[in-house]
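Next up: some structures, all given as structure tokens.
Next come two complexes, and both contain subunit A; in the first it sits with subunit B, in the second with subunit C.
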Partner chain A sequence: MYDMKALYEAKSVEDTIALLQKHPEAQIIAGGSDVLVQMREGKRAGAELVSIYGIDALRGVTMEEDGMIRIGSLTSFSHITKDPIIQKYINVLGEAVDMVGGPQIRNIGTIGGNTCNGVTSADSASTLHAWDAIVELTGPEGIRKLPIKEFYLKAGVVDLRPAEIQTAILIPKEAYEGYKGHYIKYAMRNAMDIATTGCSVNVKLSEDKKTMEDVRIAYGVAGPVPMRAPSAEAVAKGQTVTTEHVEAFGKAVLTDIKARTSWRATKEFREHIAVELAKRALTEAIRLAGGEI
Partner chain B sequence: MHETQYKLVSCTINGEKRQTMVDVRASLTDMLRNDYSLTSVKKGCEVGECGACNVIIDGECYNSCIYLAVWADGKNIRTLEGLMGPGGELSDIQQAFVDEAAIQCGFCSPGFIMTAVEILESGKEYTDEELRKLLSGHLCRCTGYENILKAVKKTMYKRLGKTE
Partner chain C sequence: MRIKEKKGSETMVVGKSVNRVDAVDKASGRTKYTDDLCGKNALIAKIKHSTIANGVVRSIDITKALAIPGVVKIVTCFDVPEYYFPTAGHPWSTDPGHQDVADRLLLAKRVRYYGDDVAAVVAENEVAAMEAVRAIQVEYEEYPFVLDVQEAMKEDAPQLHEDYPNNVLAHTDIRKGDFQEAIKEEGLIKVEGWYETPTVQHCHIENFICFTYEENGRLVVVSSTQIPHIVRRIVGQALGMDWGKIRLIKPYIGGGFGNKQDALYEPLCAYLCTQVGGRLVKLDVSREETFVNTRVRHAIRSHIVTYVRPNGDIVANKLEAFSNQGAYASHGHGIVAKGMGAFPQLYPCDNVEADCYTVFTNRSVAGAMRGYGIPQAMFAVESHTDEIAKAVGMTPIEFRRKNLMPLGYEDGFSKNKLYADTFNQCMDKGMAYMDYERKYKEYQNQTGDIRRGIGMAVFWYNTAVWPISLESSSCRMILNQDGSVQIQLGETEIGQGADTAYAQMAADAIGISFEQVHTVSCQDTDITPFGTGAYASRQTYVAGFSIIKTATELKDKILEAAHELTRMPVANLDIEEGKIVRTSDGETLMTLAELSTTKLYSLEHSQHITAETTAQIKSNAYSFGCCFAEVEVDIPMCKVKLLNIINVHDCGRIINPALAKGQVEGGMSMGIGYALSERLIYDEKTGKALNNNLLDYKLSTFMDHPHLEAQFVENYEPTSPYGTKALGEPPVCPVAPAIRNAVLQATGVSVNEIPMTPHVLFREFEKANLF
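The block that comes next holds the complex of A and B.
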């Protein structure tokens, strides 16, 4: 038995908003792999929950007319990995979420939960930052969309207003067309572990595959929230595909990241692997994009 | 004290239509063990890490300890008990666990076997590396995993009609 005060099962997004307005203290539960575990630990003990798990309309990946990829917030990690649209256009996201926990966790865990918990180590978060994802939120005043960077306010806190619910993650066509990416998770175990640091890089090469037209990089656990490394991006953008430029790109991430010491790893170790992961992930992204290095 | 909240949960369990009133605070593990006496569903860590409570819901594996019982409404649930043949026989995968000494204390076995069932029913052939990843959501403190991997692999080849 879980120590919860009450459970309200929402049937639709509108129903969720109404329930959250009626019970302002209630917390949303999606797949529950965070909420129930924290409830068991006593952190959320005695809470009222609004369950959105039954809203099938929030599941699935679709492509809109303008080429925007829409990932319903309740889509599980395993369904994202298996989805043909994801595999075709943004395969690295499927690969990244295939590193979350273990198989059973990937069947219950949702991309909405992974981002709404505001945790920096979330395996989806760095890739979503690196691909300029947009978060769609639905509340009493209607729908608002904001860049994922602005959605994260501080460690564990996201921009969810009262009675608001995240309904989708959107990836615009201009953010994925022509790009190839790679994600590396550095953790102590191969499964059932949280990233010590995670790094997602993607690149758009020129037609002759010799120049990096655009490079984007984002980290999990290099600061209190998932973050991009703009200085490193500026260093690599427009440069030719050479090991020297990859090296310079790796070094430049230290200007941007804010690693700290925790029980998982020291600041120095995190900085060391952040540089190494940046170089390796960029090299692999270049290869995937058809470049030679 | 506030009033206990109940919900009628109707679902298919091991091929049979069942329904019962459950306390909304119950996990699916609680419901399967307490209401249906399906004690192959083990209570291990109860925080979704060890896989001892793993069951198949609509064809996919879930740790039933972190799955609310009320979510099971309308679902098709399979536990280890459902693998038993009409005369009480073991299924091929269970027999393979016995033959390969993939069981010692037995606590992790039901969960592991249900994951193996999902793997085998996909009808695909996997490499050792892929199988290790597919089986990685379970902890076993006795066997060291090698014999479990062997049992799943052997059954996979057998069902595919291939030799190793």
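The block that comes next holds the complex of A and C.
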């Protein structure tokens, strides 16, 4: 039995905005795999909810004329994994969200919910950071778009203004064209787990596959919010494809990440794993891009 | 009477993989569990738990909570009666010296762990009850607390119970030969190790739940329990009521694994019912509470010192084991004592010194859990055995073949005897399945980041609780008009398949088909003959005695009636396939249906044919086996991948091979979690459990398992009328040390702590300079 004050079902994005304006205390609920858990824990006891789950316009993956990939915020994880556009251009995102929880969660959970929840461990978040994703928000003032890095403000808090909802995640063509990526979720078991650390790397190789023209790396659970490792990216960019350069790239992530000791893991352990993941994810991304290492 | 393989033995059902009697209902969701049976008008009870780990409740303010709409009653620790009661699901003893420690009250003024029960709310619905729980204000006087078992034994440690200085609930020992003298022999090699096992939880699918209502001045308690007759007694003790005024009903349950071999919240729920005028009260605990407020497995720290000759002879063996009891006595010392009992038997040695301690700490209460101290003991002993083998340059198999309990070994106390060459037979099967010899050689002395290893461990187990406690089983059989038979036993179905095994045994014993036996699954203390329930892997073993005895009585009555109706002498009559058969010529004289109907409705001599007997069992049986595991260790990632695993068991004759296999697979899964991922973590600063949910507590999933292979060696157990013995708990016992020994072979690193999580492996690999 959930301690719920009221549930309003929105019929459209406009309707959602109107409902949120009318009920400023209300919490948006999509699939509910985070919100209902929090309510059960008593954190949102007595909450008013605005359900957007019925807004089909927010579902699905499309490619826009300029090659921009548009993922509607209500698109479920299992949908993303099986979507042909995702599989063709950013397959790693489909692989990453296929590691969320178990099958039931992946059917109900949405990419919009995963990012709006603002947690550092979200399996989609590090990959979206690595791909320079753009978040589309719709509110009373209209639409605004911002880089995903700016969307995350601090642990559990994202840049959503009053009566605003996230309507899409966008991946620009220049961010994915020519890139291949790999995500490693490091967790304590092989299903039904959240990441101890997640690492997503993508790489663009030169035509002869010998040089890393560009490398992007992002982590979940290496700091309070998902983050890129710019020092490591700089170390690898323009370098030849060798194990030495991969090794240097791995070591360089330590200047960027902010691991800390908690009951879940020590700082030393997290750093050790972060370095190993960087090396392995880059190696695999290079291999996927046609490089040899 | 012994059930012989007689002519037409294809009609015998023991030994066949017949479908579970409850299979269709369970698979189709029709089976009714406790919550399905509870009236929808039930009042809901919720518990206020302490937010300190040690101290006393100074005051409780319930004013705000009482004002919440829907709240019916709030009871605090200042209101409950002062009847101290024990909770362990042991048979009662009339000897006060053997009774379980009575250290519980319904609610606690003296708080002994973070989460102890200080008040309870009864409300019209769950939302109101939870709101009231949050609104109750409790003022505590806080004491320092202790979580570590050896810290708790120190002179200046916080004391939990006045009567137990240094928090030691019990200390027992074993002395054999002269350890100190024996170790003076020249040329001995000393092998010493400390072995640590974690606090883990049973994680049965159905959380604990019960409900109570009053009927005609008596309390009816329906509970998800393994031990209805025992819980009835404990509810009576806790409420100061006559035991006959309590009726305990046990429906189907979603697993127990020992957690429900304890009175959990039945006494509190029954009491709350009395406080609201006998109205129906339901107490349904959450998963979070199940972790913290029911029972856990004892974390045990073991210290073993062994002196061996270079040829592998064990000269002297010493054990100290420290068992973390948590806040209250529950099953107490029985757990570590069972492990200690195995120590001098598994690898017999002339000079033994063993001491075991059960110690109170401010953790969750430890009770019974599948294996009852043996998984802990086997982790220590079998990890240590590989260390000894390594020290003397023998392979793990050579050392074990040389030193394990030999054929014909008899234990003086229990009179248990090893009637077959079980260990060697089981190891042979395990080795053949794993291709052990080849892999063992191939995996020696590897280098590189990714390495493989193969390991194994044996285990000691026994069946039932004799001669420590009473063993008795009662059975009732009722002949129906159609010739079918209802059978009732006090030993409960808890998912293991007991009802099906009973039906198989009864069918053969009476001479009717499996389909003609109807096991009454539900135990109701008003109706079901007395039995102590499901625990100690005893159900099939002890029920076998009462089923045979009752079937014999029933059959005597049936044949006497057949004589009456046919005038043929009883000596020439038998029951075969549900018919009365004249044995002299094989002629069928009548069906059981004809006999039963004729007798029941006879105007001359009407007879309702039933039988009921109690069997007291004064024997016990060893149930041994082994586990082999093959792993791949990714050293930089600090991860162990289990590639192959097999358990081999000698549990005597198998009643139902498919069910036996299911038991072994489930136990192996539990063993894998124990080895690699499961551990309840407590905050050092507050004593609070940090991961009491199924996300943060890493129960292994089937994505973490390879194929689970279960094989058997069937040596007929002579002490059982069906030749069978324990299989419920044994499968979990050897798994963790087998995996640990495989990691040892792969990496050369002795990991003496489970679970071998990446965190532990990181620390150990770093120490061993593997990075």
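Operating definition for what follows: the second predicted complex is superposed on the first by the 293 of 293 C-alpha atoms of A that agree within 3 Å, B and C clash if a C-alpha of one lies under 4 Å from a C-alpha of the other, contacts with A are read in each partner's own complex, and residues count from 1 in each chain.
As a working rule, a contact is a pair of C-beta atoms (placed from the backbone, for glycine too) under 8 Å apart; a residue touches a chain by one contact, two chains touch by 3 or more.
Small disclaimer: the values here were computed from a predicted structure and weren't measured.
**Student:** Is A:104 contacted by the first partner subunit B, the second partner subunit C, both or neither?
**Tutor:** first
**Student:** Go through the superposed model and pick first if A:53 touches only subunit B, second if only subunit C, both, or neither.
**Tutor:** It touches subunit B, and subunit C stays clear.
**Student:** Which of the two partners, first being subunit B and second being subunit C, lies in contact with A:3: first, second, both, or neither?
**Tutor:** A:3: touches subunit B and subunit C.
**Student:** Using the touch definition from the top, say if A:186 reaches subunit B (first), subunit C (second), both or neither.
**Tutor:** A:186: touches subunit C, not subunit B.
**Student:** Determine, under the contact definition given at the top, whether A:209 touches first (subunit B), second (subunit C), both, or neither.
**Tutor:** So A:209 meets neither subunit B nor subunit C here.
**Student:** Thinking of the overlay built on chain A, is A:42 touched by subunit B (first), by subunit C (second), by both, or by neither?
**Tutor:** The answer is second: A:42 touches subunit C but not subunit B.
**Student:** Would you check which partner chain A:273 touches, where first means subunit B only, second means subunit C only, and both and neither mean what they say?
**Tutor:** Only subunit C; A:273 stays clear of subunit B.
**Student:** Which partner, once the models are overlaid, touches more of subunit A's residues, subunit C or subunit B?
**Tutor:** B
**Student:** So in the superposed three-chain picture, is A:32 touching just subunit B, just subunit C, both, or none of them (first/second/both/neither)?
**Tutor:** Only subunit B; A:32 stays clear of subunit C.
**Student:** Following superposition on chain A, which residues of subunit A contact subunit B and also contact subunit C?
**Tutor:** Dual-contact residues (subunit A): 1, 3, 190-192.
**Student:** Could you list, by residue number, the parts of subunit A that touch subunit C in their complex?
**Tutor:** 1, 3, 42, 45, 186, 188-194, 196, 263-266, 268-269, 272-273, 276
**Student:** Under the definition above, what is the set of subunit A residues touching subunit B in their complex?
**Tutor:** Answer in residue numbers: 1-7, 9, 29, 32-33, 36-37, 40-41, 51, 53-54, 78, 101-105, 107-108, 190-192.
**Student:** Across the complex, what residues on subunit B touch subunit A?
**Tutor:** Within the complex, subunit B contacts subunit A at residues 2, 5, 7, 23-27, 30, 46-49, 51, 54, 60-63, 66-68, 70-71, 115, 133-134, 136-138.
**Student:** Show me the residue ranges of subunit C that touch subunit A in the complex, using the header's touch definition.
**Tutor:** For this pair, the touching residues of subunit C are 125-127, 130-131, 134, 636-638, 677, 681, 683, 690-691, 694-696, 698, 700-704, 757-759, 762, 771.
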